[in-house]
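These are the structures in question, set out in turn.
Heads up, the next two complexes both have chain A, just with different partners, chain B and then chain C.
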Partner chain A sequence: MSFEYHEPAAVAEAVALGARFGEAGRFLAGGTDLIIQMRRGKVAPRHVLSLHRVPGLDRIEANGAITLGALVTHRAVERCADFQGPLGALVEGARVVGGHQIRNVATVGGNVVNASPAADVVPVLLTLDATVTCLGPDGERTLPLEGFLTGPGQTARRPGELLTAIRFERLPPASATAFLKAGRRRAMEISVVCVAARLTLDPARERCLAARITLGAVAPTTMRARAAERALEGRPLTDDVLREAGRLAAGECRPISDVRASARYRRLLVETLVPRALRRCRERIGGGA
Partner chain B sequence: MSRLALSLRINGETHEVLTAPHRTLLDVLRDDLGLTGTKENCLEAECGVCTVLLDGRAVNACILLAAQCAGREVVTIEGLARGAELHPLQRAFVEHGAVQCGYCIPGMLLAAKAYLDEDGAPTEDGIREALAGNLCRCTGYQKIADAVLAAAAALRGSRAGGGGCTHP
Partner chain C sequence: MSPRVVGHSLPRMDAPGKVTGTAVYASDFALPGMLHGKLLRSREPHARLVRIDAARARALPGVRAVLTAADVPDVRYGGALKDETVLARDRVRYVGQPVAAVAATTREAAEAALAAIEVVYEPLPAVLDLEAALAPGAPLIHEAWATYAAIPILHREGNVCHRARIVVGDVERGFAEADRIFEHRFRTAMVHQGYTEPRAAVASWDSSGQVTVWSNTQLPFEIQNTLAEILELAPSKIRVIVPGIGGGFGGKLRIGVEHVAALLARRTGRPVRVLTTSEEELTAAYPRQGTRVELRTGVTRAGRITAKEGRIWFDTGAFAGSGPGVASVATLVLAGPYKIPNLLLEGYAVYTNKTNCGSFRAPSGPQANFAVESQMDMIADALGLDPLEFRLQNIVREGDEGPTGQVLAGVGLEECLRRAAAAIGWDDRRPAPGRGKGLACGWWTTTGGSSGVYVKINPDGTVALNTGAAEIGTAALTGAAQVLAEELGVDLADIGVVSADTFATPFDFGAQGSRTAFAVGNACRAAVADLRRQLVGLAAAQLGVPADALELRDKAVVGAGKRVTLAELARLSQASGGGLIAHGTFIAPPTAYDAKRVEAHVYPAFHSPSFHAHAVDLSVDRETGEITLHRYVVAQDVGFAVNPAAIEGQIEGGVAQGLGQALSEELVYAEGRVLNPNLTDYKMPTALDLPRIESILVQHPSAVGPYGAKGVGEPPNIEPPAAVANAVAAAVGVRVTTLPITAEKVALALSGETAP
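This part shows the complex of A and B:
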């Protein structure tokens, strides 16, 4: 590792440095992905721009819509009282990222920009229809998270652009979320498969109004299982319907075999975890079906 | 190559160091300052032997640039005891036989300290979760969990007694 080190003290300064160095620069947040990739020689930026002195990006704003500053840590998400109810999957996703040492420094923004298909918080954000806001020399732009993730380690972020925030709306009444992760052990483990789900029921709590199902580690990017979502919307959520959604999700995912698991096993996990996550949402909403 | 002049606060003392930007806090602690109580092993934030406290929170010194620590408070294992008086966690580890080869112990102690500072009345599950980022190849973890539980009780006792625990 050999680079010049910079410590911008304000958002504007970070953006100016980002623009100046372009592809040759990298922002450093918690460093839990970046420093390791640099040490392994996978990336070799000539300029490292540490963000730890940039104020204001580590805030969670929860009045109306929710805004997570890019530097909010997983530990802060895990402990945020606003995420105890219907948004509980955020806590479930954040609290399985590494151990305390990782979660104390690793950020949600880093999880998003690193764009690993196995990221744990990204699938939860996708079920919330989150958007990401990037700031560059030409100003700010806001994109849907789904379109932002373009491939393994690849995003629509332009060279030098700073991710500033991730936003999503609060959920309507009769909604719940759930996150489940399968790894080879319970902690400190990259997901073999992870699944996030969000359900909104009608006021009578009988039929599904809206469903989101997202899958991690089974495609080049975290993906939405759209066929499975469509199979739920408008229907009463019986166990059979939830199992059907699991089968559809297993069919539409595109896993590979690697050191952690075979493609076949990953599909089996999807088929099992999707209905389990949906049942959990259904229980959390309560009543009906 | 460029060098950075850093002012580092470690165990309450200020150290001025001149270092290359890529060097980690772990490099500086062990190689420049001779504070070898912080151990070095995987260098990928997996094993926890390099755990130190940064502004009170447990972090892996192996993936933290020294430059990122300037002006912040670092506590290493050398700063845990007060002179000759062991921290209650250290005493509990000794009393419960929670130390075998000892290699993982500095990191275990600091991760446990950060956790007890947050949650003074932990459960065993909570302790195991808090120490999930610290590997031990010797003890099987049970005695470590027992020791942390006992230390938590001892700390609660000393606080209740108005002893005013003022460890860093």
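This part shows the complex of A and C:
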């Protein structure tokens, strides 16, 4: 493992280096995926571009819309006061990633770029209709997160492009989020299935105005369960309706069997965890059906 | 007088170094000019080695040696059965088998050399599981098996490298006396010991032709002999030193990488270090065998067991390893701690094209006990009996015979069962929907073998304990030192330990089989008996008091109102008699058994047996199958608790390891390859997965152990799988008969499906 290490001190410099090295360069944020991939010989960049000296990338801005800089760690998300209420699923997703040491360095931006279908915070971001901003030699562009994730380990990021920020809006009133994860153990675990949900109810808290249901580790990318979402919107959220959403989500996911679990069990977990996550959202909003 | 040192929860002697990070482990050990050794491992489960071309690798920068089978002595070695070679010669038999070894100036150069070695394989039909290995006409893993050297007692045939048997009474007559006969099958997965430090060795040859090997072995003296065989040298030309071990649990009994380091160092004339990776550990170490178990048990309506027929097959991998011994021990575990008049029990060690399995804390214990104790609950349920009462009706008690006729003494099993059940709240076995409690009990041995120690009194009155045993993290040498301190009338803080150096320390059978504190402790007692004579003799002359009026107390020899300290006597001896030193030895007396009851049995009786009962309280999520452990209780008959806190540590660690085997751990093979050769997907439990573990130390003394102690290290690993299986069945009515008991298996069973 031999490479040249660079420490750009500004975003512009990082992007310039990214453009110069293209496929031969990799940006280094927390390193919890990149270093392992390098050690295992899966990637062998000739240039590693550390982002740690670039100022401001580790900030969470919460003025109206919320912006996570590329270097915001899972620990920072866990501890962010703005995420303790309706956005609580961000905390629930962040706090089950790896162990303490991992969360202290692993970044949400890196997690998005790594594009693992089993990522834990990504499904939560998808329920928030998050966008990602990339800066490259051709300038800045902003894409929906869903479109950014194109396959396992695959994104729409172009060679040399730097993911600078992840952005999402605050939730309207009568909204809540929830995140649930199933795995073989309670820490240091890669999800066998993870589920995130977001509900927004009408002011009377009787009917569902908007629903987002996202699933991890049951398709080549983190996915939205659109049929299940449609089954909720406009309806009072009775237990039967939530269970129906679970069945629909289980039907639309595309799990595989691997060493972690069978496809059959993954579907069963989706069918179980989707209504649980929705119930949790409903309880958090309070009132209603 | 109540004991001052033994029986007290004193801090471990090795603790300060380990918690402050100053302890030196084998993988820390380095020498100037050291090269890095690496192994090229087979990519095929079973293949003919057509060609190995290392020319390109040898020419790479930094590469100092590449060894293939042609470059190393053509020696077959092994334990009970000599079926192994250092490097594959003409055939590979598992994915991960060493094919070539390289030494280079850096690890990267060594890895580059591995990549540059060209190997041409011609695949052969692979035997991927027990069924395939035992099928009529199955390909032979070792076509020349009959020509291999073996201890004469082994019973071998083709892919079966050993079959041990216990026959008592007449099982058919016993079944005829039964009202009900229960037949069940079980399976357990291959699991790794999970020690934190991978196997490591540094070897260096000196100008006299002696090689010194620093390694993290549990058995330095066995490694010395195995190296002598492999290197074709006298054992005295080989010195093995254990600088420290980051855990062993049986996985470091047999030769790991010591021979590779020694051979590469001999070829290059430089010191060589070999250190395995996690992937090598999980594909090519000595894990616990996966098993298949079949049990047939006859019981009267009232719950008396009349007969048991049991067979256990161990998937021992491509070489016998510990298989023959483990298959033998298993039959005693299959009998269980029960009085059963008619027994037919067989243990088989079977070759397959997988990694060579070895020993893991209570070898065969968890696998056989899982089957036996699961079935006890299944029978109790079928007969409408309380599982605790059914066990109490059949367990062995003081003076009963064990399965092979040994007379049992110091039997605390009933107390263990009653106290574990009471502590878990057995009266309320199903306290809430989806919640249940389970029990399991068992027995185990204190392994024999001899130990020697030198004990020397320093001129300041402190004491040097010189032992061939290694401290592998069990606190066993702290226990032995407590015995020594007690007997000599000094404090534990006065004892210093030198250990595990085949050149400098006396022989020890090694840190294995729950024997270290027991055997080294007894050797210390023998040494003190000698030192006492020396001390009293000197003191009698010094004090003018008859020897029979003197005793050792409080760091001195005292009597008739007079006193002389050990320090003074040590200085006196140094000035006049060469210093105070004694050699103490111990070997456990043989345990009498009825030889007519066993056939081809490597381990026919349990020495100073221990007894134990485990109880667990858990909940099962009916939809996801997820199991939440609330409480775990162990009542273990330890004979005498030399260091209660250290024993509780052994219980907590053993249960944690046992719960991993119960719930989450398995090396998953497909087509002869491990699918999860990393610690991401090999799931050892974390602190968050474990409940509070409560220890109840029951003390029915053994006749042989120091102060009545029994072996304590292995037993806590035995019962967790069965206890969990029984609790899951109590909680949700699902009986899982295969390990691990994953949430997936439970959920699919609850949804009416069977796991794939």
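Criterion: the second predicted complex is superposed on the first by the 289 of 289 C-alpha atoms of A that agree within 3 Å, B and C clash if a C-alpha of one lies under 4 Å from a C-alpha of the other, contacts with A are read in each partner's own complex, and residues count from 1 in each chain.
We take it that a contact is a pair of C-beta atoms (placed from the backbone, for glycine too) under 8 Å apart; a residue touches a chain by one contact, two chains touch by 3 or more.
Everything quoted here is computed from the prediction, not taken from an experiment.
When both complexes are overlaid on chain A, the residue A:Ser262 reaches chain C alone and has no touch with chain B.
Touch criterion met: A:Thr272 reaches chain C, while chain B stays clear of it.
In the superposition on chain A, A:Tyr5 makes contact with chain B only, not with chain C. Once the two complexes are laid over each other on the shared chain, residue contacts for A:Ala81 go to neither chain B nor chain C.
In the superposed model, A:Val48 lies in contact with chain B only, and not with chain C. Residue contacts after overlaying the shared chain place A:Met188 against chain B and chain C alike.
Residue contacts after overlaying the shared chain place A:Gly98 against chain B, while chain C stays out of touching range. In the superposition on chain A, the residues of chain A contacted by chain B and by chain C overlap at 1-2, 99, 186-188. Taken in their complex, chain C has these residues touching chain A: 108, 623-624, 626, 663-664, 668, 675-676, 680-681, 683, 685-689, 742-744, 747-748, 751, 753, 755-756. Residues 1-2, 4, 20-22, 24, 43-46, 48, 51, 57-60, 63-65, 67-68, 111, 114-115, 129-134 of chain B are the ones that touch chain A when the two sit in their complex. Of all residues in chain A, only 1-2, 99, 182, 184-190, 257-262, 264-265, 268-269, 272-273 touch chain C in the complex they form. By the touch rule above, chain A contacts chain B in their complex via residues 1-5, 7, 28, 31-32, 35-36, 39, 48, 50, 52, 75, 98-102, 104-105, 186-188.
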